[in-house]
Amino acid sequence: MPEIIIYAVAGRTTEQKRGLVKDMTEAMVKNFGVPAEAVTIQIVESDKDSKAKGGVLFSER
Amino acid sequence: MPEIIIYAVAGRTTEQKRGLVKDMTEAMVKNFGVPAEAVTIQIVESDKDSKAKGGVLFSER
Amino acid sequence: MPEIIIYAVAGRTTEQKRGLVKDMTEAMVKNFGVPAEAVTIQIVESDKDSKAKGGVLFSER
Amino acid sequence: MPEIIIYAVAGRTTEQKRGLVKDMTEAMVKNFGVPAEAVTIQIVESDKDSKAKGGVLFSER
Amino acid sequence: MPEIIIYAVAGRTTEQKRGLVKDMTEAMVKNFGVPAEAVTIQIVESDKDSKAKGGVLFSER
Amino acid sequence: MPEIIIYAVAGRTTEQKRGLVKDMTEAMVKNFGVPAEAVTIQIVESDKDSKAKGGVLFSER
């Protein structure tokens, strides 16, 4: 409300995630005018052999 | 058809999931008039440090 | 928290949607033990020529 | 089972979509060994001012 | 890579979306260390009668 | 651009995934006329007790 889903390769640290969700929530509050508590974010991580770009798995790029 | 995706923090038991998918499928059949076999549900679980509300990770709330 | 996304062909009435979100929220509260206010649901509708089963668009099945 | 969601800018023709869902379903059957009827695909289209790359809306790129 | 999907009620202006995707992309670059051009964002909008919180459609809250 | 998300039960081999993302990317290039490098695919896998059809978990079907 809004809900944000981030699809990423696994491997980021908790510190990276902490910074990301803080900054993204602020971006949502600033631009869409919603209260911070209304913003939920989920990072959906997959292994490198479950994600591809250009038809090639990230485990093989 | 319809497909339901549920984004949740990891940690629910199989019993909880069994009940949820049963009740959700019934809700879909009752309200949207589709056959139960047409309803698929996937629960996408993330660790507490990959989900946030109000700009704060669930691992730190 | 949890967030539910429902992918469906467009065309349901507001009455159908009203019943669905009520029943689905109750299913979540009952089985996952979350407060109703924590449950958000979004129905993502596409036209029949943007959805397929068995490799055939719903507009042509 | 599996379910495929394709996020794209709006504007493709029905003919383009017809070809895509046919070929994608065949790719799923061939590689994952599932029956074609088990494959559902939904194309979620957004206008050019609701999609961005590199921080710039497609309506302004 | 990462891909960001934002589920929201329809009705934001292009100016609001322009600011959001710019700030979100910067948050991703800063925290996850990816190039801006690798970040795609799609805002998936639904009408108020297709989104609910607490079991009640936004069109009726 | 487009982004493809595939929701599946866990358990496919890297060889199966390698073939799938190659064929799906080719299907996208052929039908939607986009360059291969613009196509990203993420396979979101869940355990059998987190996915259901017909109201029954795959771990119990």
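Note that the chains take the letters A, B, C, D, E and F in the order they are written out, and that residue 1 is the start of every chain.
We adopt the following convention: contacts are C-beta pairs under 8 Å (C-beta built on N, C-alpha and C of every residue); 3 or more make two chains touch, one makes a residue touch a chain.
All values derive from a computational prediction rather than experimental measurement.
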Completion exercise
Touching chain C and chain E alike are A, D
Exercise for the section: Specify the angle of rotation obtained when superposing chain D on chain E by their C-alpha atoms, rounded to a multiple of 5 degrees. Expected result: 120
Problem - Repeat of the A-F interface, chosen from C-E, B-C or B-D (over half of contact pairs identical by residue number) - result: C-E
Handout entry: Cα-centroid distance, chain A relative to chain D, in whole angstrom
Key = 21
Practice task
Report the inter-chain centroid distance for chain E and chain F in whole angstrom, where each centroid is the mean of the CA atoms.
Solution key: 23
Exercise for the section: Averaged over CA atoms, how far is the centre of chain A from the centre of chain E? Could you give it in whole Å? Expected result: 11
Fill in the blank from the handout: Among all residues of chain E, those touching at least two other chains are 1, 3, 5, 7, 17, 24, 26, 40, 42, 44, 51, 53
Fill in the blank from the handout: Per the touch criterion, the pairs are A-B, A-C, A-E, A-F, B-C, B-D, B-F, C-D, C-E, D-E, D-F, E-F
Practice task
Spell out the part of chain C that touches chain B in their complex, as residue ranges.
Solution key: 1-9, 12, 16-17, 19-20, 23-24, 26-28, 30-33, 51, 53
Fill in the blank from the handout: Contacts from chain F onto chain B in the complex sit at residues 7, 44, 46, 49-57, 59-60
Problem - Residues of chain A touching chain B in the complex - result: 3, 5, 14, 17-18, 21-22, 24-26, 36-37, 39-45
Completion exercise
Residue set of chain B touching chain D in the complex reads 1, 3, 40, 42
